[in-house]
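Chain naming follows the written order as A, B, C, D and E, and within any one chain the residues start at number 1.
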């Protein structure tokens, strides 16, 4: 399981400001902290940056490469900016992302090919596709042909099923898990999969986000996920990953997570019998699974009831 | 040989909570009768698979002063009673209301600011004019709602009135007033299942028992987003039946207000010809908005026009009757 | 003017202070009263021509707050044998401490 | 709705042997679902799977078409009980009844009215779907001539008669239009089935109660007719709700083939007044009818019903978009306020409702945010300064208002500076965040 | 728990229970068991008795079991020779006391002695009416007595929805009438309900307020209960009924009622004047509700154990309170009460007339749209945040000194000073600059307000539309107050904002602020490694230099230049598990060489046992490792007997024959390479800069960028080193780029390094 550090994201006002003011220290600090936490690569989302795209991208890439030497995942819709980033990247970069929307499909895959970069292929067209079925279809019918056409190797592409927020689009949380599961079947050898994990908790109050993200990650891993753009500073993330990867059943929570993992892997559901209802931590995980499986309506205070 | 038809019956584990509005003399109020909502263990009107304890109820909305901005059709329908909330309440009862919803205004009929004292006297008058349980909604401005509804709560102590509306930005004072004087509240959220549940949790957190809480997921009118309200209500009701305890509140919606805000109901002139006869269309607008929501799970519908009330009441009666 | 002081063990609360003051200030010749429930002491300024410490003491006694008189504090047994209140007390203390600990945590309901 | 690729995949051997010519079993399954491959290409598929696939290949509710050409009506093929689970796909056909006892002129007039009726709703054209001609006279010839007359409208037809002779006469006149034959019953089913086959017309089956209905369906299918529409005989509110729910559940949840057909409802037969009929028709729209036959035509009832149908049958996963452009409220004059919002329908409705309710004549610009709400649109770059400026420049609003003040939603206040760069000469005002505060805002708006 | 308090409380409880029993016997004899006992206008019987025992007492006879219960709660007075935990006993006795007090009050009603008569007193609103007297008579000459249910609900709503923070029960009499008035005013100002009772030597705060003409009654939120401690029972009755009414608790759910009050009702007792046995005993009861008790006299304190949020009993001898006069002392006393009750101010929405949110941070205000400007080209604006003592900051106070901008012409400008004073139990002076920098973000969040810069180069613009919507200077205060509370809840308890426009005051404060900036700038300079006993680690960079550990000391900042010791300290405080951990200095091994046991151990441990020994200062011997994000690289030039320092910004060739980027490869990676070291540029100015190796005089070459960007600091260093021209003796890339050129240049400029002992 690889983690791409998500913290350098334009949506954070602090990052936006630091980029606007070219505050090296802040950006580098963020990069360093994520690298230190164990991120395998760093995501740089500089937004559309209609005007100064290439310059901003160049600056951010350089600034970060001064202090860390991790691969970078570049996220912008601005083609020129993307190209600048790819040129400057020292390690093999990741282009985030191509979707089946014509303008992105047209531009991003050739760029990735040209600069020998990896590519994240987003299973959506112009609009969000709700069902796993439709997402796989897009992957098969639109994204893959294009990827092969521009000469990218399938091993260099991550398919992203597209994660939607549980606060508002709860019914699609499992669809993404299913999409990952089936994406692993659409080609042989199976393509890699990657998700923007924190999307699942967009709009969720801060204190509740980690648990949702991490629980969801376990479910996605069970479906075969290879990588996630996520918050490497979240300790729980590493802990849950470790438990699953090492199959550490030495703690009650560990056992619960493994049961969850096994259930999802075999397309079943976590049973309430698996949960020690007197342990608040297990109950919280169980409630979160209920939410993610769309069994119980999400509310900001769902852990309280 | 025909295959044997086995009627599928869903097993629901949840049940909508019963909530009683109003209190009789024995119970500490002055209502002639109380109205209990909720209690269902299946989807609307599906007698065959569960218990349906109480039919949906109609509340007629009256205001504490003549609502000049209302459609002329409504003003005409309530002519003679519309200047006097007590008379209006009485007439609403005659025209088939199960409940009276009194909406308070910012200003009184003279254009002067409404005050707790004025509101108390209005509430007192309405309470004496009708024996039906009462719902009282504030004018919709935070400060004024709080000021007036506290007075209402005090004046109507013991009557188990529904105070409204509680919204996520303003519910604490209204809930506190309800706590203090034994009333109920209406928890309103903008057409979203998650928010609906969240506000119920927050209000319950303040200590208000769940059997004093109505869930108002709000709705759009026919043609103005009813599909959102409709689906949100269906989802909430399904969640309730599946055992999600914080969605098991009876549902209140205000189709009358929504429908009469629509141009189709409000305006008679200068509209496209295919819209047909104004009054007929307007009444249908309110009626069909209401009946669609009733079939999606509404337990109380707040309406405005007496003719729509008559039509909806008839429809409810027939829906409620097995095989009707 | 002279001053005299009495120990009044019965005066352990401020409603007694009021009673004591009311009694003494009604006495001819008493010009000032300082009554402390905390220290159970009454200091009286008086005119020796009109009254005497004995009279004042008598007045106090009549009001139920005689100098050096104490309340009979009802005894709570302090037994140590099985079933005696002493053990009950230990039990209660433990009980209170447990509640105390619980209350110190973020109590879930609130 | 056919079997999905994923459903098919589950039945395949999952060996990725590639002998079918596709890289994986899933890819093959997807192609199968898209009908671009043949199951036979898989050498390892089991007999059991084949059988399942064949059985499952048929949709749980059959798609039935009546009429031909652009106004044909397709119903059925539904896959869910609740619209929020996915969507309702095929809106029920709203038909108006005429009787052959009416004068031919009357019939023709009504037919024209129905055919021509059209009402605009958020940029969409809503129309009634067709006519149901009833052989009320019992005479075959009257029926035939009535049918012949209404056929000219080009609308899909339902032919109502229990008399196979009369039906045959009518079908002769309406050949080539695929009308719905209503209805085969216990008495006439053999003759009606024959007619349906001969004229390639779908056939409605009427029985009282589910078991008799199922029995009859089996017989008719046995006679070789597959395009069926069911009338289980219920007419009342509760009766219809319960019966239709049973049938829908049986079809979807039990895959119970004999009831996997669209339903037809006659709300007028269970109602005492046109209003009551309309209310019941509303129930049928929401709760599972494939055809709704109205007794009469009245625009004041048709409009709300068509709107309701439109609303219930929108795809909840893809919020409907309002047509971008200029919307007028009240009768705005050149110095009336000008607001802009996105074309996400619910955003539009909340704004429209409040502006309408305020009573202040105003202009509302609706930008093409691709159906996104204000903040989402902003975040996704679909409602940014460029887009707003473009909307202002291309809609022609500059000719309609005399002032140069544009009010943007409070949630995107941050755009104001950028917008002033994009729209020289315009003053950008920041409106309230919530639509409910618009009336108050408009009251203090000054040109 | 103090044995002293326990002893007195237990003694008081024993006695008051006996007193109640005696009174009960008397009343029983005189009136009979069927006599009605009730407080007026309440549906909760005798509320404390109802709440604690679940008994609905309606008649005199019903008091008997209550007294029996009270007696069963009593404990013997602690004997000298036994040790027992006293708290539980004192609390039990406190509850017994409350029961006894309510019994007494019930009986006093039977005798018509309640509400207490107080000649000449007139109630400002109250609802007590006795059936025997007309309403007028009832009010005349009597204090209020218990609060009726109607008023309970009315106030309860405000308590529950948060508008009213809580109530204070004052027992006794203040030092003077003046102080009494001040205390009550301070409480009223915060919307805290005030209950009055008790006396000292016959004088009650009720008398004091009455004499001062303060209106008492429901209308003024100050309710006189009675002039003895027993009447404090009405406050307990109020609290109990609040739990029954709003908490949905039932009589007899004692624990739930207490918990409800602890967590939801912000109340405390304030004992003014001497504390007698009954007051101690009553306090025991009050504490059970989770309410702390504060006394203005010397009494033992009871520190936190959990029954209340913080301390249970606090002693704050009035005359010992700091303050210029009694009035100020009174203010502090009230502040302390509020702190002890532990309620943090929470602001849900910022009360300003314009939209607020991070979405507005990037908003610009153009000159044409500008209502007014502070700072920038034509005027001066500054911001200053400082920490003060908890009792020196008045939370929520926002003051504007000088005129607002209403009279300034449109598009005009004026001078502005924003002074924020914060206090908090966990606040530290070191956080000041961290917090001060936040002012920028906070102000910027307001729609139509643009904020740029900081300190005395702040620049603020207010748009016309914001001004039209009613934005005033005060709202800056509202914003700062709200945001500091909500964003820095962990360290900030109180916030006070003063905004200066009055020229004289502004000038004065600008000077204060500048002095503070200066101090802050210099604080580190003046701080020495000797003056602290803890350094901080920085392990941010371990991901790609897994063996690298920065140790940051006051005289050596992090090599990236971003973190100085204070920053690390603040960062640790705010995020205790973060990358900045305290490193105790430990045993000094050789402080001149920069060896302390603490850093050595820490680095060894956290460098995965690769760096065995580290010097805090030296470049030649066990130098500190570097990751790669250093601002400068220092490298020894053996030929010149000195070192060179090349900065990141300098792309040119250096005398070492390598450019910065080539050098970076050698210096980084967490390897200990004697002779090469990555440093933060301000380390150059430190006295400890390569101290064991000869200090700054060893610098023979440095990038001109450094010379320019640190001109002032370097000048000071030169003076410190006793050679004002030292910097000019150091070569840079403008003159020298090879070692061959370097030596002659140094000789020509008489560089001191040439005469120093050999560096190798």
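List of remarks:
As a working rule, a contact is a pair of C-beta atoms (placed from the backbone, for glycine too) under 8 Å apart; a residue touches a chain by one contact, two chains touch by 3 or more.
Given the structure is predicted, the values throughout are model-derived calculations rather than measurements.
Listed here as common contacts of chain B and chain D: A, E.
Seen from the Cα centre of chain D, the chain whose own Cα centre is farthest off is C.
When each chain is reduced to the average of its Cα atoms, C sits farthest from chain B. If you compare A-E with D-E, the chain pair joined by more contacting C-beta pairs is A-E.
Separating the centre of chain B from that of chain C, both taken as means of CA atoms, is a distance of 62 Å. Centre-to-centre separation between chain C and chain D, using Cα means, comes to 87 Å. The distance from the centre of chain A to the centre of chain B, with each centre set as the mean of the Cα atoms, comes to 44 Å.
One finds 47 Å separating the Cα centroids of chain B and chain E.
Among the residues of chain B, those in touch with two or more other chains are 235.
Among the residues of chain D, those in touch with two or more other chains are 84.
Within chain E, the positions touching two or more other chains are listed as 361-362. Touching chain pairs in this entry, ordered by label, are A-B, A-D, A-E, B-D, B-E, C-E, D-E. Here chain E touches chain D in the complex through residues 355, 359-366, 447-448, 465, going by the rule given at the top.
The residues of chain D lying in touch with chain E in their complex are 410-414, 416-417, 420, 429-430, 433.
Listing the residues of chain D that touch chain A in their complex gives 4-6, 9, 14, 16, 18, 23-27, 30, 84, 86, 317-318, 370-371, 379, 381, 386.
Residue ranges of chain E in contact with chain C, taken from their complex: 11-12, 14-18, 71, 74-77, 84-85, 87-89, 91-92, 172, 198-202, 227-230, 255, 258-260, 262-264, 274-279, 290, 304-307. Across the complex, chain E meets chain A through its residues 358, 361-362, 441, 539-544, 560-562, 579, 627-629, 648.
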